[in-house]
Every structure is written in C-alpha cells, then in structure tokens.
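Letters A, B, C and D mark the chains in the order given here, with residues in each chain numbered from 1 onward.
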Amino acid sequence: MSAAAPKEKPSTNPILWVARPMATAARQFAKSLIRPSTIVYPFERLEDPKFREEVAVAAGKPLGVGAVWDNYRGVHALNIATCISCNLCAFSCPDVCIQMVAVPDAQTKRLKKCPEIDYGKCSYCGFCSDACPEGCLTMTTRYELSATKRADMIYSPEKLYEVFQRKLPMNPIRLERPKNEDAILLDAPLCIGCNACARDCPTQCITMLDIPKPTPKPGEKLPRRIWKEPVVNDSDCVRCGTCISVCPKECLFWGTHT
Amino acid sequence: MTVTLYSVAQSIAQAILGAIASVLPPAGRGVASAPVVTGLAVLLFAAILLVASMLNTIVLIWFERKLLGRFMDRRGAMHVGFAGILQNFADGLKLARKDTVRPREADTLGFWTGPTAYLVTSLILFGILPVSSGWNSGVLPLSLLLALAIFSFAPLFIFVSAWSSNNKYSLMGGMRSAAQMIAYEVPLLLSVVAVVLVSGSFDLTTIVEQQQNYWYGGPLLLALIVFVAAMLAEMERIPFDLPEAEAELVEGWNTEYGGMLFAFFMLSDYVRALVGSYLVVLLFLGGWTMPTWVPSTLTSFPLAGIVWFMIKTYIVFGVFVWVRAALPRVRTDQLLRVGWNRMIPLALLSVVLAAGVVYAKCLPVFGCVPGLGG
Amino acid sequence: MEPGEWERTLRASLGEAVVAVEPFAGTRGRVRFRAGRALDVFRTVHGAGFTHLSMVGAIDWVDHREVFYVVWSDAAKEYAILSTDVPADQPRVASATSVWPSANWHEREAWEMVDIQFEGHPDLRHLLMPDGYAFHPLLRSFKLHEPEELEVKVRHV
Amino acid sequence: MSEMWINMGPQHPMTHGLWNLRVKIDGELIVDADPEMGYLHRGIEKISEDRHYNEVVTLMDRCCYVAGMSWEHLYILASEQALSIAPPERAEYIRTMADEFQRLGSHLMWYAAFVQDLGLMSPFLYGMRDRDLILDLFQSFTGARMTYEYMRVGGVRNDLPPGFTDRARKVMDWLVDRFREYDALCLGSDIFRKRCDGLGVLSQAQCVELGVTGPMLRSAGSSRDLRKDRPYSAYDRLEFDVARADAGDVTARYLVRMEEMRQSVRIVRQILDWLDTHPGPVMAERVPRWLGAPYAPIGREDYLLKRRYPKGVGFSAIEEPHGEAQAYVVNEGGEHPYRVKFRSPVFANLSAAKHYLVGYHVADIPPIMGSVDICVGECDR
C-alpha cells in the first residue's frame, strides 16, 4: 500500500499571521461559556452515572462517556464471612503488600486468617481479586484513601470488611479458571501420611484414604509412617498450594494428570 | 465643580481634623489649620490611590484567571469568595507567609532592592495616570512623558535583580529582558509621538478630552496596533514573554525569587499590565469620555468616568488575555528582528500618517474638528 | 532468506568467525559468532543491508556472558540477531560504535549493567547508574534486597 | 558572554521527566549538548528477574507512564514467543485496539506538552482534556486509568464491557473534530510556523545511523513502520497508511504525529466494527498453571521448579508511540523470566540529542526536545 504522506502544504496555513488560532480560541471560549469540561471534583463525581449523563448533555462533549465505573480497581472490599483463608491473595501479590492476619470470624467467633492490605505499597493490579477463588476479595470504586499517618494506610481485614458493607459497586470481573490447570500431585513414596495437608486445606478437598500396609520382605524395614495417603478432589481444589507449603516431606507438587 | 480624588481626600481630612480639634482644648485647635489639612489630605490621597489601584490590580489578576480559564475550557479560580474573587488574596497571603530564600552567592543589596524598586516604580504610575478627570495627582503638563519615563525604569531593576541572583537562567532572562525592553521602547514612544502630534499636548487629561468626539484609535489605527504590540513586549506577556520563558529559562529573571519578593514581581507585572491597558485607553480609546451619541443617562451618573474607563481597560486587557490564550511565544532573535525591522518603520509610518492628519486638519472618517493639532 | 542459506553466505566471507546461524522466529536468524572477530562480522552484516542497530544487550549466564545485537534491514524489512559468547572472567568484545554509531549508549548500558568491556568504545562511562557505582546490577551475583555500599560522586559543573 | 555549561534538569520545565540536558551555550547559541540519564532508573529489568511472567506486566505500566499499554503489549508478545503460547484472535484485536488507544493517548499527551513548551497554554489543556476521554475508555475495559495491568500471557484479562464499542465510536468522532482545531492552533499560527520550521533537522541517513526511530524517522522521509513492515497482532488485517513527511524538522514531526492520530482513529474504527461481530474467548486455552491465574507460593518458589518447563527465547518489536520498542525475553524453564531486556525508542532518540541540538538557540531547545517526545520512564526503565 502506498504511504500517504501528509500534504506538504496543508490547508491550515496561516491566514493574516495569527487569525486562525485567535478565531479557534474565541470559538473555544464561546463553547466553554456554557459549561467548561472540568469536573468540579469533590462536588461532582464521574462515578455517579446520573451526573455523567447530565454533564455529557450540558457540555455537548463526551465527558466521561467511556468510563464504566463498575470495572474500576479501587480499594478492596473483603467479605470476611466467605473468606476461606487460602492465602492466594497474598501469594499473588506482586508487591507483597498483603499479609494474612488472624481475625475472629463474624459468625463462628473463631480466629481465621484474612488478608490485611498495605495501601502504601499496593499497586492496584487486581491480581489478588483475580486469584480469589471465592470472590470474597473484590475491588470497589472507592479511590479516596488519603491518610496522615503511614499506619493508616494499612487496612486490616475489619476495615476492608467495612468497605464491603458500604455496598459500593464491585468489580464484576471474574477470571475463568484455565482449563488445563495443574493439579496437586503426590510423590507417593515420600509421603508419611501425616495429615498436615488435609488438616490445613482451606476447602477440605483433601481426604486421607487408607492404603494397604505392605508386607515387608525379609530383611526390609518398613518406613515409619501412617498408612494413609492424601487424595485431592480436583473440582473443589482452589490450587492455593497450602498443602504443598505445609507438607513436611515435600512430597506434594504441581503437575498434570497424565 | 467636579468631584476629584483630591477634593474627596481634602474633605475627609477636613472632617477628621475638625472632629479632633473640636474635642481638643483650645490650645490644640491649631491641628485643623490649613497646612495640616493639606498634609493629611495628601497622605489620604496617596493611600486611597494606592489601595484602590492595588485592589484593581488584584481584580485584574482574577479577571485574567477567569477569562483564561474559559479560553482553556476550564473554570479558573472558583472556590474562595464569590467566583474565586478572593483567591488572589489567599495566594498573596500564602506568599507573604513564605520564607524568602536568598542564594548564598547572591548579592544582597541588589537581590532585595531590585524587586522592591521594581514594584515601587510601577506603583508610582498610578499617581500619574488619570482614570477620570481630576482623579490623579494634579495637573502635570508633561504627564505622558513622565509616565513613559517611569515605565521604562523596569529593565534596569529587572537586570539588577537578575544579575544579583547569580543564576545563569536569571542572567539570561535579565539579558533578554533588557534587550527586549530597549528594543520596544522605540516603537512604543514613536507611536505615542503620533498621538502627541495629533493632540498637540503631553498632558494626558488634554489628550483624553480631545477624544470626546472621536477616538484616536480610529485615525491612528496603525499607531494603535504598534502601540499594543510594543506594550505586549513591554509587559512581557505572551507572545513576548521570553525573559521569563518558563520552558527554557525556568522562570527567567525571577528564578531565584520566592515568597514575598516573588509576589512583588508578580504584582508589578500585573501593575504594568494594568498601566499598559490604561495607556491604551487613554491614548487611543477616549479615556473616561464617551461619544456624545451615547445616552447621557449612561454617562452622567456619579463616577461614570471611572466606570467607563475601567470597562474599557478591562476590555483591552481581555484582548491581551485572548492573545495569550491563542499564541505561542516567539524567539529572541525573531522578537528583536520584528522590533527593529518591522515595528520601528511601522511606528515611523504612523508618525507620518499622524502628521498628514494634522496637516489636512481633518480626520478621514470622523470629519473635521475645530482646534485640531493644538 | 533462510537461516541456512544466510549461514553459507556469511561463512563465505567470514569463515570461522561465524559459529552458526540459528533459526529465530520473527527474524532472519540468530548469528552466533566468535567475539574475537566481532568487527569483521559487524562490517559484513552492515554491508548486507542491516544498517540500523536497534539494541545491544547482554545476558549473564554465570559461567559465561552473552552479548547480543539486534539489527534491522530496511531493504529486507527484517530483523537479525547477532550473538556472541564471552568468558565471564574476560568479558571483552569490540565496540560496534565504529560501524553503527547508535551502539554508543546501548553499549554503555550493557557495560554498566552486565560488565562487558567494549573495546574501542569512545566514551565508556556510567549512563543509568551514578558515577563511581561499583556494581553491575544485572549480573546474577547481584541479589536484590541486599545492602550495598554505594558511593556517589556528584559532578559539579 | 563566553561559553558556559548550563544544566537543564533534572528539575526543569523543559525536561518532561527526570533527566538532565547539559548544554554548552555561547550567548544564546548551543555549541554542545550532553544528555544525562538515570535519574528515573528503577531497575525494571532486574526486578523482572524475580517476578512471574504476568507480574512483570505491572512493571510495564510503570515503565512508561504515557504508553503503558504499548509496553505491556511489547512484553507480552516476547513472553508468548518465549513460552510458545498463542493468543486467540479476539484478544489480538483487543490488544491492537488498546495499542492504538495508547498511541492516541500518548500523542495527545505529546501534543499538550509540546505546545506548552512553545508557550501555548490553551492547547495544552485541550490536549489533556481529550486524552482524558481516552483514559476513560481505558478505564472502562481495564479498570484503571494509567496502570492498566490488562494484558496477560496468552490473551487479555477480560473482555470488553457491554456497550463499549458505541462509547468508543463517540469518542473517536469527537477526536477527529478536535484534530482540526489543533491544526488551526498550531499550523495556522504564523508564530508557530516561524518557530518550528527548519528546526532540529535530522536527515534520514543520520536517523538510521543514530538509531532514531518512530515519528522522528518518518518525519525525515522514511516510511518505516513496524505495523506495516513487520505486522504483529492484528495489524496485517487492518487498513491504514503510514504517516510520513520529508522535512525532518519539528513541523514535520508535528505533521507525522497528527497524521498518525488520524490513522489511529481509522484503525480503531475498523477494529470496533470487527469486535462487534466476532465474539469469542480472550484467553488462550492452554497456558501453564502459573500463567493462567497469577498465583504461586511466593515464599517457597522452588516447588514449581520440581518440573522444568520448555525453554525458549522471545523477541518482539512493536511500533510504540515514541518509536520502535523491542523486548528480548529469555525463558530458562523457570517460572520467572531469566533475563528481560528492553529497547526503548526514547533511549535511542535521546542519545542523538547532540546532533539535532547543536547550532540552534537556547529558546529552540523546548520545541526540539518536545518534538522528540521524551518519556523518561521508559528511557531509564
């Protein structure tokens, strides 16, 4: 395809030295007398859909037209009740700004680990809410979080729960899980049947099944272990890797079923 | 007898001193004697003039901010006071509270006196330029010359403060400023010569009164254009704001200034902008007078002269703002080339045209007027 | 041009200086050459139409270091990658600035990041790091989160 | 005045970022120039070595604050080659669209900054105002205005929200009208022409020699545009012309960028039509576990290394708003890239500063450097 060069003598050559820009500025002046494009921020907010329509009509400009605020990645909201303490948010955080801290569950009154977010470090990438398998950590349209102290930038799970209770528009985007997701596989000879994985599994998708105790050959010593083996229910598993982290023998690993 | 600013000041002084004298014992009655009254009246006159002019300047800044805002599709100052009219006071307060940092290597005397003298010389102009008949310091037969002479002090003080800042940007800004102002003094004065030729007087009041029926802006259009362009350069406003071209020279000659000294510069710039607009109105747009076909109800209310004068001034300044909103900055060499190669011949031409007007004793469009040419 | 064909062409003029031309998706191929005859390779490749040097980078493979050059030919509208291995204890390669002046800053960066000595470079001084910086951050031995002693010399003008 | 060095930067209104242009001047004439970089060096290439492939995307946004999406695209293309993953077609179109939005946004930002250097304040605000509309569009499909984190290895994070294409069309219509206004304010102004014509001239041969790319190269008569010459993503299926000018001066660069914006609008309109009629997945089906969802146990990464993944090297080059950007990603089978190397077009364009500055005046520095369109973030990385 031939490259169309911009015309060497464009039609916008100066008339009367500066008549064109002066006229353009005057036209813009006349236009903005009705309503300038600026949004008077604390009083007018683009996240308000009604205001968006009004301002677009009043200004005759596509102000805020493109903005879909539901998708906005702002301050997180955490539903403590549905959090399963899977650590995935903390794992996925590229800035390591999420810490899992123990808070009492609203219903059961038992302690459970929930994410605490340091907004001084957070980059609002959304990886944590993408990773959350239960959809309990989502991002909201809230973007005002100035604080006078650094400690105030650390949002405890309770504070994130408060944000949740405000019923702000939540980011509706949920990522589909990849179809060929790796599963937890067991390196069977290493396992000692200690139940640590099943105990700590946040979704209780690991069950310890009995395995037959082999009869030792003469001269062979049976390993000292419990004769059970974990079996992972892949459809319930959220792939958090907690079992791998707690396994004392490092016998669990990621892999695909062949 | 028309009300003049001095008569107002005199009556106020009279009243104050009279009240004081009435409560004093008889020995102290002398405070209300004529010399004391005159002295206090002069002081009051100066104070009123200063305060009113400063307020006017600050409103002018607000006016520019609002106007420029609309040109730029935004709102300008809007939160402090009605439509942000108090914003400049807030800014001034902020600048007054700030510390003025003097660079270690800077020259103390020049660093402090430069901006102060710049501001003072700019403020003196308010005492010379009449905003209505009688509303200046008195009848000065050469008030136009005096005003222009004081107006051209600026490059000296700018250069003093730029040099004593001991900063390369300041130095370059000061150099540019001096070169530019000197280059544009000439066409400025030449275009004023055209006005003086036609009016036959250096007295601003006389010049204005001669424009009762026709404004010099009409027959002396060329002189008006030259004068406005040269005035833009003298005021260092876009497109001629090279001395403080912030893109390359940070802030030009006031780079090192902060706090109140910067406020002095800022204020003086706008004082000069206001004075420039005053001069345009006085010399070319009829000053405080209005043509006779304007209904007399519109021109005969109290202080009508001042009101009309200010309306004209603000419109002229609005044009300056419009230019600022639409045009980029020119380059130093281009500016000087335009100044020496274009402006001066044009200004000379305008003088010749003015001489022709005087010779013909007629104004082309506005008809012949008795007493033309003094 | 296929990588194999190009290899034959290059070998015809360069002989043993070219180790191999490997296929590399999206480019004409990756030319592996011996660092000792770098300038000959640069001149030949430049003469073959690759007049534009886009990037010079270096990779620390711990036991040795690799320097790679990305060049572009306007005529063929194709990229090619030149790559050479240099020993880690003597990371020397001839500077490409005489052939492609645009290599200047890229080589300065490669030198300060991965410690490749470009011989014949006109102005091999720090570019991104402060003057007098004693480390080469993109070496694998430079770990993040470790304290470092940094002496910054400020240049006064 | 004798010759003297002045430091324009690191804090200087001309620099548009954190860098230092040291110029030696004789009066108002520039006799030597030496740009100093590194004030914004954040070691993105080093940090990338400790991050998962998708997590590097967060760095790419911060690499260049006006062209974050282009850099994401650049990095993702190289990573996909290194990991042997192909994105679905719809994702390619969305990426192309995002790329063109970014070009519009970046060029509008350039326009704003460039005219402001010339002392024109109002077009600055017009440019920023119109760029904001582009940011609104970005926000509606990525969820953020500047740091998008949108592209993923194997596709993009999410599909477009409903009604997006209509909104985008509205904004495109608005923008096309604005370009005429921009031209009137700049090209229609005698002062602008006097200041910019014949300024900062760089011939085509010099450009090639010094590695200068992008609008600067195309303004010197070359028609090299990677979108045409080496199409990536969906560019081979779209119709557009390469913007070109011959003079090689500041005005020519202005013309090229303006024309590029018009072409971008043209491309975006085609893509929007295509997207309306071709729904589909936006993520590749088969991606490694640690790429499909961005998680992996951080404390004990070696678990993943029980299995090595296939090795590979990826190289990508895209036509970024500033010029030709390249990425070189080495995948050694771990979950982190072994080495990431970027080529920033600004880096090369800036290294030639001496050649287009010497001989002009101090007052010419802002328009010349403005026409180079510097983004220090991507230059220093």
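Throughout what follows, a residue touches a chain if its C-beta (ideal position, glycine included) is under 8 Å from a C-beta of that chain, and two chains touch if they have at least 3 such contacts.
Bear in mind that the values here come from a model prediction, so they are computed numbers and not experimental data.
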In terms of CA centres, which chain lies closest to the overall middle? D
Using the stated contact rule, I'd like to know whether A-B or C-D comes out ahead in C-beta pair count. C-D
Most remote chain, CA-based centroid, reference being subunit A: B
Cα centroid separation between subunit A and subunit B, in whole Å? 61
Could you give the separation in Å between the centres of subunit B and subunit C, each centre being the mean of its C-alpha atoms? 64
Chain-centre distance (mean CA atoms) for subunit C and subunit D, in whole Å, is 24
Distance in whole angstrom between the CA centres of subunit A and subunit D is 27
Which positions in subunit A are in touch with at least two other chains? 18, 21, 24-25, 28, 37
Give the residues of subunit D that touch two or more other chains, as numbers and ranges in rising order. 122, 126, 129, 185, 189, 191-192
Where in subunit B do residues touch two or more of the other chains? 71-74, 325-327
Indicate which of the five shapes (line, ring, star, complete, other) describes how the chains touch one another. other
Kindly provide every pair of chains that touch. A-B, A-D, B-D, C-D
In the complex, subunit C touches subunit D at residues 24-27, 51-55, 57, 59-60, 68, 70, 74, 77-79, 81, 100-106, 113, 126-130, 137-138, 142, 144, 157
Partner subunit B, residues of subunit D touching it in the complex: 1, 4, 6, 8, 12-14, 28, 115-122, 124-126, 129, 185, 189, 191-192, 194-195, 361-366
If we count contacts the way the header does, which residues on subunit B are in touch with subunit A in the complex? 69-75, 78, 322-323, 325-327
Complex interface listing, subunit B residues touching subunit D: 68, 71-74, 168-169, 172, 175, 238-239, 241-242, 245-250, 324-334
If we count contacts the way the header does, which residues on subunit D are in touch with subunit A in the complex? 51-52, 54-55, 57-58, 62, 122, 126, 129, 133-134, 136-144, 147, 149, 157-158, 161, 164, 167-168, 170-171, 174, 180-181, 183-193, 223, 228, 239, 241-246, 255-256, 258-259, 283, 285-300, 303-304, 306-307
